[in-house]
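Common to both upcoming complexes is subunit A, partnered first by subunit B, then by subunit C.
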Partner chain A sequence: MTRNSLSVRQRNTGLIATAAAAVIFITPFLYIFFMAMKTKKEAALFLFSWPREWHFWSNLTEVIMARNYMLLLAYMNSTLITVGAVTLLILFGAMVGYILQRRPSGWNRLIYAGVLVGLMVPPAVVPTIWVLQGLHLFKTLQGMVLIQVAYGLAFSVLLYRSFIATIPRDLDEAAIIDGAKPLQIFVKVILPLLRPVTVTLIVVQSIAIFNDFTNPLYYLPGKENVTVQLTLFNFQSQFQSQFNLLFMNILLVTIPPLIVFVFFNRQIVAGMTAGAVKG
Partner chain B sequence: MAGVVLKSLKKSFGAVEVIKGIDLEVKAGEFCVFVGPSGCGKSTLLRIIAGLEQATAGEIWIDGREVTGAEPSDRGIAMVFQSYALYPHLTVRENIGFGLSLARLPKDQIRARVDAAAAALQLGPLMDRKPKALSGGQRQRVAIGRAIVRDPKVFLFDEPLSNLDAALRAQMRIELTDLHRRLGATMIYVTHDQIEAMTMADKIVVLNAGRIEQVGTPMQLYNHPATPFVAGFIGSPKMNLFTGETARALGCTTYGIRPEHLALSPTAGTWQGKVRHIEHLGADTVIYLDVPSLGELVARVAGEMAADRGDMLWASPMPGREFRFD
Partner chain C sequence: MRHYPSAALLAAFALSAGFAHAETVLSVTTDGNAETVAAMEALTAAYTAAHPDITFEIENRPGGADGDNLVKTRLATGEAGDILQYNSGSLFQALKPVDTLVDLSDIQGSVIDSFKSVVTAPDGTIRGVPFGPAMGGGIYYNKKIYAELGLSVPKTWAEFMANNERIKAAGKVAVAQTYGDTWSSQLFVLADFYNVQAAVPTFAADYTANKAKYATTPAAMAGFQHLEDVYKAGYLNEDFGVAKFDDGVRMVATGEAAHYPMLTFALGNIKQNFPENLEDVGFFAQPGDDPARNGLTVWMPAGLYIPAASTHVAEAKDFLAFVASVEGCNIMIGANGATGPYLIKGCELPKDVPGAVADMMPYFQADGMTAPALEFLSPIKGPALEQITVEVGSGIRPAAEAAALYDQDVEKQAKQLGLPNW
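== the complex of A and B ==
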């Protein structure tokens, strides 16, 4: 089948589907964008309309300076949490996945069962807070990083494990004969081959963690610990009527994940299908 | 130069004993081939020598040193895998030099040794490619290069040619034999292909169900097989073997005659049979006879043979070429 042999009906269906997807995904974004440009009074009308006056700069500076530059602090906190948690997720996910796949006996079978349980059992908030308090990690960024790692680890271990199953064991053994120690096998032979999964995980997890609203809300109270999603929460209560600023804030918070997504887009698809053709 | 000695080697996987006591001496510089049917434990034995698998009992000596518990990299061996096992993310040059760079050799020394190994295998123009961009034969050569560059005392090959097509396999057989002569190293080579065994080996070890059936040169095994198993395994087409009543009538428990040691005649002979099938191979002809007193009898005669399916032919064993096993 060549591209030209696409029938008229197939082409029309494709065009309609694309148009529908564009409308569904772009309309809300445009709405946010327009709202963010409006004056306080115009925004309060909640119309999907072209702004009568453009207030980009004034809205922007006002949002950034609100509450003593809280948004900048939030950006920093969220970035620290995201980078820290994703780094640990990748490192431990790959290592644990590797060991579980290559040596599936004894204790490892139990650990694998534990990983599956971690995927199935929903976390309980109050006991988690007790544990954090016991470890003196409650209300700290380190604690939040560990929470995100704990919540995401099962998923990344499973993803790595199933991908590593497609890497022939002969490679490990060739490296052993070449004189590689276990850690060297992992770092020099296995890890470079995990790139597709790693990119997928970086995108999926960093967007999820950066966008996380509930977990920072439970585990990271305190003004100095604010994360980007919580700045929306603060805005809504303080500027009850200033929806133009709220939407400007939403716009600013949406941009980083969007950049990550656009940047890695092609590799994500490669990563999702990479493990799929396993025999 | 280094020999390999195995002393009452055993290996079990769980309750299943796969290697059931192997005693073997491979002399320094010898090309030794392990043959046997699928699942007889050839790969397992090779992996025990390499140190990738721990023996359950017994000892392994390489170059006069006991290495039973030694790390694979300390045994002075190199291994070529059936799947080649090239590192996909590294170029040919990095693949060959991987072991040397792990050993932290100086860069210029690595370069020199890798270039020398590559020159020996005509890999020159491929050095900066990734394995993905190589043909099967080229990958095989890179895998061999990776073994050569380590300058091992003993080379271990696990069915290295089985993924290649027939023509390339024939060429690689010659190249490997050349390589062996040039390096003078000890080589242990696993295959289930008896042609590879016959053409390349100084010494063949026939394995069956975890035990050694017979050890000898190719011609020793061909001319003096110790057991019916060896007799049936070495030679192509397979030796005609008869057991039971038929053999008892001929004065033994197993009677064997090779297809090429049967003389055919349209008029007279020992056994008369009807031609069931003929294979014209050009240089010789293989004829399948239905003999009422024996069953199926396969004969091979040189050149063309004017016979048709359904013809009646007489077959007679050449004197001194019959095998009688008790």
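== the complex of A and C ==
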């Protein structure tokens, strides 16, 4: 027996686990996929079945062309919001986390309490809109980016702060002795080391922001400001829904986060294990 | 930002140079129903064709509780755009129309009186125009099953139950119920209101004034009793607890079930998903005890309103006047076909309406054969009615107890509205 081969029991356990995971994670996706291919009439039956007729292309074009190519505009808006918000979240989250962790002062406790409050207290919609109106940021993508940053920052700061605690201070001190200024220490020494937690944040926050429904609904009205989750309402209403197109839309909306996840997934795992082995 | 001063300059220049044709864009918010969107797009296209300097931006909002919150939030922050489509009746009252909507009393020339009353603010001004057809609440039936078993349209509840018995004996589902969509469970209670009013003409007023109760008015309790009866007799489809509105529509359209209690807007769903079955479906008002008084409970259509914060009130008003005219009404019929009567004087339905609509029209043509649903006569509608009707319709709670529970539920809302005598 070579070192790498599995025993029968190990192999069987692995197979069962894989099969169970496949059923749990792939079945819903298959359901969405099949529904997206059906005719309106067949989709209204809600059966988990092989489509009788395949309408991939006609459903796809109908969804993309609906309401004057609204979906494409929505993709663009959602991508801009997601990229903008995640960039700011990482930048500010890392900075605040760094300072909080490295510079003990009387204010830290207060600031940390503020961060926790930001995590726990639910935001109120109407006053937030008043603030945005006052700043002339309501109904703009920039305003939406700032909202997402405000809602996500507490979580980012927490993650970064605890991660930076695991980076030895010796590194900072070595850099200081070499003549680095504070900003240089942060940018050249600390920031590159934050890669694992940054990748985790990118995945978690970009999926959350891309898939956000309620915040754009309240804070970003206007036909030009539509985001991907809001396009679902083109095909869904209380009394009459076009389920084949709805599921095709869901399918299209699900793909970008899936790509992000598949792309970064390897790095999340790599980052975690790298930290673990170094000790 | 850098464009801003130059744009202002340009605008100032344009004004001083006397260009009167400023382009106006009216923003419209509607729900996402396919029929709403089709009608609104047809209306705005026709209006822009006649007034090239006015264009529209149509935005869709979700329906249900999400939509209610959204509309209230936007009105509270002054961001509701220029034209708003929203329910009439008690939901309209919940918007605080006196503060948030523009007075439209002067463009009501062609609007039928019964609609005006459901968009009248507490100060007596009319703040909306009708958008879409009125709907009837009653029972859809499958004509093929009726023909096969030699049944006739029932005029009383006893006849209805006799029909059900024969349908069940023939091995078919007599009544489709879809408690997976809880709102659909209320129909037997809400659509019974014509019969309640026929028996107790003052019920709506007494009920609002806390003098009449569901539990102590036998005619009003009948709706709950009906729900219990069809369940106990075993007339329901097996999956009534989880089936959805779409399932109910399919069952009655394709003959899987003989009856489905529902509002007439379900016809749009049949037309979309089962066009070949459209003529297999008929409609009758929910029967009561007296065959001589067999009438229909009517739901008023949604209204179009102008938020008080709109910056284009004059233009928006002109458009709404167009919607509330015979021409606008004909455009809506052209966009969606006729699924019910429009509440505009002189607006006739085409001759080739679907069978179920033709079944509904006689109720509207005779005097006193229709009554508005209770939610248009009284501001009180208990928030938990759909949960209670699901319980009764599933045999969990007896009708009498449910009626008493609903009276308690209603009390909370009446107190919240600050009605006298509660």
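Quick note on the criterion: the second predicted complex is superposed on the first by the 246 of 279 C-alpha atoms of A that agree within 3 Å, B and C clash if a C-alpha of one lies under 4 Å from a C-alpha of the other, contacts with A are read in each partner's own complex, and residues count from 1 in each chain.
The rule is simple: a residue touches a chain if its C-beta (ideal position, glycine included) is under 8 Å from a C-beta of that chain, and two chains touch if they have at least 3 such contacts.
Values in this document were obtained by computation on a predicted structure and should not be read as measured data.
Trainee: Just checking: does A:184 make contact with subunit B only, subunit C only, both, or neither of them? Give me first, second, both or neither.
Mentor: first
Trainee: Where does A:31 make contact in the superposed view: on subunit B (first), on subunit C (second), on both, or on neither?
Mentor: In the superposition, A:31 contacts neither subunit B nor subunit C.
Trainee: Of the two partners subunit B and subunit C, indicate the one touching more residues belonging to subunit A.
Mentor: C
Trainee: Given the touch rule stated above, what does A:129 touch, subunit B (first), subunit C (second), both, or neither?
Mentor: Second partner only, subunit C.
Trainee: Look at A:217 in the shared chain and tell me whether it touches subunit B only, subunit C only, both, or neither; answer first, second, both or neither.
Mentor: The second partner, subunit C, only.
Trainee: Report for A:173: first if it touches subunit B alone, second if subunit C alone, otherwise both or neither.
Mentor: After superposing on A, A:173 lies in contact with subunit B but is clear of subunit C.
Trainee: Contacts for A:139 in the overlay, against subunit B (first) and subunit C (second): which applies, first, second, both or neither?
Mentor: second
Trainee: Give the list of subunit C residues in touch with subunit A in this complex.
Mentor: 27, 29, 31-36, 57-64, 66, 70, 73-74, 76-79, 81, 183, 244-247, 250, 265-266, 268-269, 272-274
Trainee: Considering only the defined contacts, which subunit A positions touch subunit B in the complex?
Mentor: Those in contact with subunit B are residues 168, 170-171, 173-180, 184, 188-189, 192-193.
Trainee: Which part of subunit B faces subunit A closely enough to touch in the complex?
Mentor: Residues 50, 52, 72-73, 77-79, 81, 83, 85-89, 98-99, 102-103, 146, 150 of subunit B touch subunit A in their complex.
Trainee: Could you list, by residue number, the parts of subunit A that touch subunit C in their complex?
Mentor: Contact set of subunit A toward subunit C: 40-41, 44-46, 125-126, 129-130, 133, 138-139, 217-218, 221-223, 233-243.
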